[in-house]
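The same chain A turns up in both complexes below, where it pairs with chain B and then with chain C.
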Partner chain A sequence: MAERPEDLNLPNAVITRIIKEALPDGVNISKEARSAISRAASVFVLYATSCANNFAMKGKRKTLNASDVLSAMEEMEFQRFVTPLKEALEAYRREQKGKKEASEQKKKDKDKKTDAEEQDKSRDEDNDEDEERLEEEEQNEEEEVDN
Partner chain B sequence: MAAAAAGSGTPREEEGPSGETAAPQPQAPTSAPGARLSRLPLARVKALVKADPDVTLAGQEAIFILARAAELFVETIAKDAYCCAQQGKRKTLQRRDLDNAIEAVDEFAFLEGTLD
Partner chain C sequence: MADAVAGRDKCGEPRLVSLPLSRIRVIMKSSPEVSSINQEALVLTAKATELFVQYLATYSYRHGSGKEKKALTYSDLSNTAEESETFQFLADILPKKILASKYLKMLKEKRDEDEEENDSDDGSAGDEAES
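Then we have the complex of A and B:
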């Protein structure tokens, strides 16, 4: 239950990991510093949201979109974030598209499977010539036996 | 201070003092693309966004970009704070390094007074 927006912290473990990967090996971070960075990140998100919302309202839109956030970055003087964010956005869109296609494909495959199972039976008999030959030989033997 | 300025103005591709043993570029996707996209949970970021009374709705892409921007911000401020610690020849980042970075770097001005 958060009383203030600043209390909504991002997970400590993730923050710590990001910090450690940004710094050279062997560098540590004190608990106070880490928690301060975590709070700073929350404040950053709140500030960016507010800026982005201004752009959305200017555009007479009620929903924040990606370009609002990118505009907010420039407004906040974090222009250097814009390029990596655009790349991340493209990758994210590709992934979302891929997920959508994958789930659609799964559905198609599921329908196909029931048909394919029936077809497979006949396909096995057609493709395996060796088995056919064996079968024929067996049949011949059987005929001999019968006779 | 040149070090602090380097943290705020120059492009990210510039190498730090450590040459060959430099930390891997944060943007280069070396592992599975899905893993690199975002480490911060989108649900938490969304909760922060919703905390703003002026915000009506936020699209999924907006939440994602905010999460990624927050990651970049954490990396940036950590590196800038580290420059201060390095000068003190310390290997542990302290709270005061962060305060110094906030004072020194213009972009972090919005943080003043918010971390106490």
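Then we have the complex of A and C:
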């Protein structure tokens, strides 16, 4: 899926921000150190994916799920990440549930007043965009698998 | 450290992960054996990558040499990759830097060793050809 090698890089600005937030104020991070951490992060993703995939294969599943990623962290000796990750998963699930309820509520409201609809749309666009793209990709995937 | 990680949403809109999910997915899918990834696994991997970046940075800073100067350098990172068991998998992409002159010397020593081995391998044949 990656057509160019730079597609495997993570955005520098985001990586730099994460590093800065983790270190005490005023620490200077050399440019080389930044790009090294960024590369390390990409390798981490690949390593984690490969470990998680092993767990999925053991479970005879084609799709990686949350428990595969958590098992991978243990395997990779990053047990310290498991608790914060579980918390993040809970938060994510709550968020999804909230979104679902909100969109159902919106549907109800829609019938009543169509005027306010435009405003709601523009406000939510940012959040929805990413997900729509991902859903699309997910569908493409299924097709690939079927073939 | 975990505390700092859990409640980090200070700037404006609280977002669960700051790394772009689409990019994380591209990297995950670049692994040939992976067929599909569900959304939760994707979000968790992105989050784990953030934790990893924080951990690698703080670990290297704490164990590094630039603490007095308040600096994080490449050699702090390559030291981490070499010395820490957990970060060992990074050793290949974060090699230790050495001076070119030192490297050339190492190369030469290696070549000398190889030659010695070759000499003893085909032993007398080589000697005869030379004489």
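Methods note: the second predicted complex is superposed on the first by the 104 of 147 C-alpha atoms of A that agree within 3 Å, B and C clash if a C-alpha of one lies under 4 Å from a C-alpha of the other, contacts with A are read in each partner's own complex, and residues count from 1 in each chain.
What we mean here is this: contacts are C-beta pairs under 8 Å (C-beta built on N, C-alpha and C of every residue); 3 or more make two chains touch, one makes a residue touch a chain.
Note that the structure is a prediction, hence the values are computed from the model and not measured.
Legend: residue contacts after superposition of the two complexes on their common chain; A:Ile15 is shown touching both chain B and chain C. In the superposition on chain A, A:Ile37 makes contact with both chain B and chain C. Residues 2, 8, 10-11, 14-15, 17-19, 21-24, 26-30, 32-33, 36-37, 39-50, 52-53, 57, 62-66, 68-70, 73, 76-78, 80-81, 84-85, 87-89, 91-93, 95 of chain A lie at the contact with chain B in one complex and at the contact with chain C in the other. The residues of chain A lying in touch with chain B in their complex are 2, 5-6, 8, 10-11, 14-15, 17-19, 21-30, 32-33, 36-37, 39-50, 52-53, 57, 62-66, 68-70, 73, 76-78, 80-81, 84-85, 87-89, 91-93, 95.
In the complex of the two chains, the chain A residues touching chain C come out as 1-2, 7-8, 10-11, 14-15, 17-19, 21-24, 26-30, 32-33, 36-37, 39-50, 52-53, 57, 62-66, 68-70, 73, 76-78, 80-81, 83-85, 87-89, 91-93, 95, 130, 133-134, 137-138, 141-142, 144-145. The part of chain B that touches chain A in the complex is made up of residues 11-12, 16, 18, 21, 23-24, 26-27, 29, 33-34, 36-41, 44-45, 47-49, 51-52, 54-59, 61-62, 64-66, 68-79, 81-82, 85, 91-95, 97-98, 102, 106-108, 110-111, 114-115.
Chain C meets chain A in the complex at residues 1-2, 4-6, 8, 16-31, 33-45, 47-58, 61, 69-74, 76-78, 81, 85-86, 89-90, 93-94.
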